[in-house]
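Each of the next two complexes has subunit A plus one other chain: subunit B in the first, subunit C in the second.
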Partner chain A sequence: MTIADQKDGGLLLAIETSCDETSAAVVRGGREVLSNIVSSQIETHRRFGGVVPEIASRKHVESITMIVQEALSEAGVSRRDIDAIAVTQGPGLIGALLVGVVAAKALALALDVPLIGTHHIAGHIYANRLVGEIVYPALALVVSGGHTELVLLPEEGVFRIVGRTRDDAVGEAYDKVARALAFPYPGGPHVDKLARESGEEVVLPRAWLEEGSYDFSFSGLKSAVLAEINRTKMKGLDPSFGGLARGFQNSVVDVVTTKAMRAAAEFGARQLLLCGGVAANQGIRERLAALCREAGLPMLVPPMSLCSDNAAMIGAAADLKWRRGQFSTLDLAAAAQVSLEEWSVTDNVRNVL
Partner chain B sequence: MTLTGKENARDGEPLVLCLDTSTAVLAASVCRGGEALAARQSHAERNHAVRVVSDLKALLLEAGAQEIDAIAVGRGPGSYTGVRIGVSAAKTLAWAWDKPLVGLSSLEVLAMGAGPYLRGEKPASDDIAGAAGRPVWVVPIMDARRGQVYGARFETTDGADWRRLDDDGIRLVGEWGRSLAERAGEAGALLLFAGDIGPHAEAIGALPGAAALQLTMDAGEMGRLAAARLARGQVEDVHAFAPNYTQLTEAEVKLGGAGTEGQA
Partner chain C sequence: MNDWSGGGEKAAGAAIYALELRSEADTVRLAEKLAGLCAPGVLIALDGDLGAGKTRFAKAFAAGLHVPGLVNSPTFTIIKEYEGGRLPLYHMDVYRLTIEEADELGLEEYFEGDGVSLVEWASQIEPLLPPERLHIRLELTGAESRLAVIRPRGARYDAWCQALGLRAAEGEGSGDDANR
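Entry: the complex of A and B
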């Protein structure tokens, strides 16, 4: 009886291969991380200036079983102790996702345990549950290399997208600007650092979009940075990289945090969850923390190891479905695009138990 | 499915779960030595990742396999994504069940599909039937676009014993075919292209003395190959096991042929 297993603190083996990290984790009772192994391919992709999907997929195949074994070893458990398998179904790079999904299905067959296909963004959001108690309704600001979303959680396991980027994700915009400022890939953290250290600011536009919208757009801002560099060079001058980094960062932080706070107020959020790889960005993190303090709104943010892509967060999200007995079949399909809202739990736990 | 019990290697022959997903066909079987106890071929290219594990589960049930002795998989060449699906499934199962893993060339598996025709178990064309007693060069091919094929070359005289003559590689069918035809003529061997003939029928038809056999991937002969490898102890390091793509990625080629492991 797998639901009972979970109530007793069952062991979930989670796998995440949506982009360029191969990760496996063992999570007990949906909250306790016994291990969280992340094998980053960043060194491999650096010389290509970005993630090459075919190479990412090749690397996943090469390391998948080793990473799973390391996760078990570090957790001090054996294959036979595993009660369920969770895996990122999407969104992400399809070829990369396939490796994790096929391996997870093979494990579910071999170990004869249930399988839980899990939404990557739900993972980022529920990484917060590994560090604190989530209070509903909660508003999540998801910022990463692939995503920029404002998600309302009216209750546990239910997701409503309030706003999303219409073009580049925040992390993507940071990396593109970083390239223009001559930083090596991945350059986002360099821009963050330069922005905070710079004594000057080249003021850049804010993309507020239409009145009341919670959506984002960063491609215009990125273009503004490039245009400013060209304009300065045409005059035979050296562009101020520090001033541009600061101007870019201030524009992003202003728009992202203002919209998040406005949405939190409108939807009566009792907590703000910051998550995703770009949650490491000091600019965003500090401003949001200050605004939340001012508004008396508690804010949760996972430690860095749980913000960037990792399997423990997938285990935390999968636990939502495990407790409700909502499993996937062995025909689970990886998908580059998956709706977060549709991934919401479909039943209340009380109705099942 | 939990595999328990200790009835392995009944009759001294290993029970092997076989899989190849390098082509549009998802080919799988449960074999005891050279005999296929259960086999299937699913023609659904875009569905390999969806169907692969449930197909294997169904096959194990159909074969009544309580515990298999080994897993054999085609490691390519072929569709990059397809090969990754088979290899990921096979190495994970081998690790989870703690069973030996046999990596086979998908081209060799494809070539072995000609075995039943050469042995007279399946009706063959006149050229093939007429080659009895002569060496046959079986050249398995998979379309690799732009006039190229993934190909290799094997020699057999009886369709049961095989010898590899050329490594797996990607080749221009026109040039390669002409050189093979010339050498086959000198060696008195029948040159038999087997596999994805369609896109290359014209090029093959123009080669003197060459025959063609349209074949799709079939896992029925994989057990025979796997049993031979197992008997020789030729098994893979499960963790390190990876597909044989035969080619670098485009990004690596552009960067000047650096391997995926990096140069520094």
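Entry: the complex of A and C
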């Protein structure tokens, strides 16, 4: 760690536009959230006349300025107080990412402060630092709409992917099963609720993959749900949607939590970090908490507002680079696919990104 | 914003071909063969119900293009771009888009790009698709078996179907069966 202590209290303005949400936040020292404005959640809608968050870049363009303004004023800071601008560089939807990156560059240039291109998944993981102290080595289970990954953090700011989904992310699997169960998009939360309320379970297979693998696969499970629906209908019966939701949920939860706990044990993790939008899923959350308690492994999970896409988490992750003086240049390019491992901090080495 | 709409709807031969896929291995073989024929600007419009094997097809198609690394579902992010193969691959899933949203996303930049576009649930955005494209609908015929219904639009794809020796399906040009 180079210039760690003196800059510990850096005031970062963070921007996140990787997908549906336009978000800006002011975060101090990677831990203290002074404001965290997310387009879908806010009164900004009301106040500024109904901005509907959408994946379309044009919507991000329309809302980015006011969201940044709102983040500053809610934090009670002026532009000139900002020490650096953090922005999601990727992964995400390129057109959406571009809006945030261009806005961030403009701000960094105008305010003459450093720019920190930040990895979206590092953000999800470091959302945990906004709620507690991370102890290394730590194992992160990232479950979101578009991502399902097991990430080992041997030390601060260093990321190693030990497992990932080979087809659908957990969130996608939930939404697709929800489609099969006739819920509207996005139906994941409906399936979670139905599973919890159902008194019966249609037992479905678990995809453990090869011995020792920490990867995931959920497409077979989705097919099993569809096959069961068809089989029942052919018999002229009504499929038990509740039983299927429960069977699906139990299969997902079983595989995801078992693999997370096994990886935590194998890599000697001293803490388990649950993060990503699907961390709201009660089934996963409760089972993982129970397993961690049993194993005596401390678990962190951010509140919902910091689990779904938001800019505060980007500020939290960017602080890793801020403290090390590892900044991006103004030719930073938004990228639909970027490597998390390569985004790791490089202690004592100036990042040339 | 787009000037494709309507263009060539009934203009081409509107031939329909059908290919029985007895197993997943057959799906993989078809995807790999098509990948081998690809050139910049190719558009494959892929349809089929949940579980029909669209993502499996996409993985095999990507492998056929020698795309390195993992290719997984683009449902949430809508577009995933892959470099490093014989051609760039733009893998899309437009299920959750309305025509308006899709139009605003600027998909034509991908369609006119240097890579190959593979669009899942393409029938959702039919009016936005360029006139030349290859439609493939995967239909479930059994637990393992599928029927690939293939509709070429434009000379390039007519030639592909000839090259693959596909058998014409009965019922010529029954129009756009954009069912879901």
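The working rule: the second predicted complex is superposed on the first by the 325 of 353 C-alpha atoms of A that agree within 3 Å, B and C clash if a C-alpha of one lies under 4 Å from a C-alpha of the other, contacts with A are read in each partner's own complex, and residues count from 1 in each chain.
Going forward, a residue touches a chain if its C-beta (ideal position, glycine included) is under 8 Å from a C-beta of that chain, and two chains touch if they have at least 3 such contacts.
Just so we're clear, the structure is a prediction, and the values are computed from it rather than from any experiment.
Participant: In the overlay, answer first, second, both or neither for which of subunit B and subunit C A:Leu109 touches.
Facilitator: After superposing on A, A:Leu109 lies in contact with subunit B but is clear of subunit C.
Participant: By the touch definition at the top of the document, which applies to A:Ala289: first (subunit B), second (subunit C), both, or neither?
Facilitator: Touch partners of A:Ala289: none, neither subunit B nor subunit C.
Participant: Identify the partner contact of A:Gln337: answer first if only subunit B is touched, second if only subunit C is, both if each is, neither if none is.
Facilitator: The answer is second: A:Gln337 touches subunit C but not subunit B.
Participant: State whether A:Leu93 touches subunit B only (first), subunit C only (second), both chains, or neither.
Facilitator: second
Participant: State whether A:Leu209 touches subunit B only (first), subunit C only (second), both chains, or neither.
Facilitator: Touch partners of A:Leu209: none, neither subunit B nor subunit C.
Participant: Should A:Ser219 be classified as contacting the first partner (subunit B), the second (subunit C), both, or neither?
Facilitator: So A:Ser219 only meets subunit C here.
Participant: What is the contact status of A:Asp175 with respect to subunit B (first) and subunit C (second): first, second, both, or neither?
Facilitator: second
Participant: Look at A:Arg166 in the shared chain and tell me whether it touches subunit B only, subunit C only, both, or neither; answer first, second, both or neither.
Facilitator: second
Participant: Touch check for A:Gly145: first (subunit B), second (subunit C), both, or neither?
Facilitator: A:Gly145 sits against subunit C, while subunit B stays out of touch.
Participant: In the superposed arrangement, what residues of subunit A touch both subunit B and subunit C?
Facilitator: Residues common to the subunit A contacts of subunit C and of subunit B are 54-55, 57-58, 95, listed in rising order.
Participant: Considering only the defined contacts, which subunit A positions touch subunit B in the complex?
Facilitator: 43-44, 47-48, 52, 54-55, 57-66, 68-69, 79, 95, 98-99, 101-103, 105-112, 329-334
Participant: Please name which positions on subunit B make contact with subunit A in the complex.
Facilitator: Those residues of subunit B that touch subunit A are 1-3, 49-54, 56-57, 80-81, 84-85, 87-89, 91-93, 95-97, 238-240, 242-243, 245, 249-252, 255, 258, 260, 262.
Participant: What part of subunit C is in contact with subunit A in the complex they form?
Facilitator: Touching subunit A: residues 49-51, 55-56, 59, 70, 72-73, 75-82, 95-97, 101, 104-106, 143 of subunit C.
Participant: Quick check: in the complex, which residue numbers of subunit A touch subunit C?
Facilitator: 19, 54-58, 91-95, 144-146, 164-169, 171-172, 175-176, 179-180, 185-186, 219, 222-223, 226-227, 336-337
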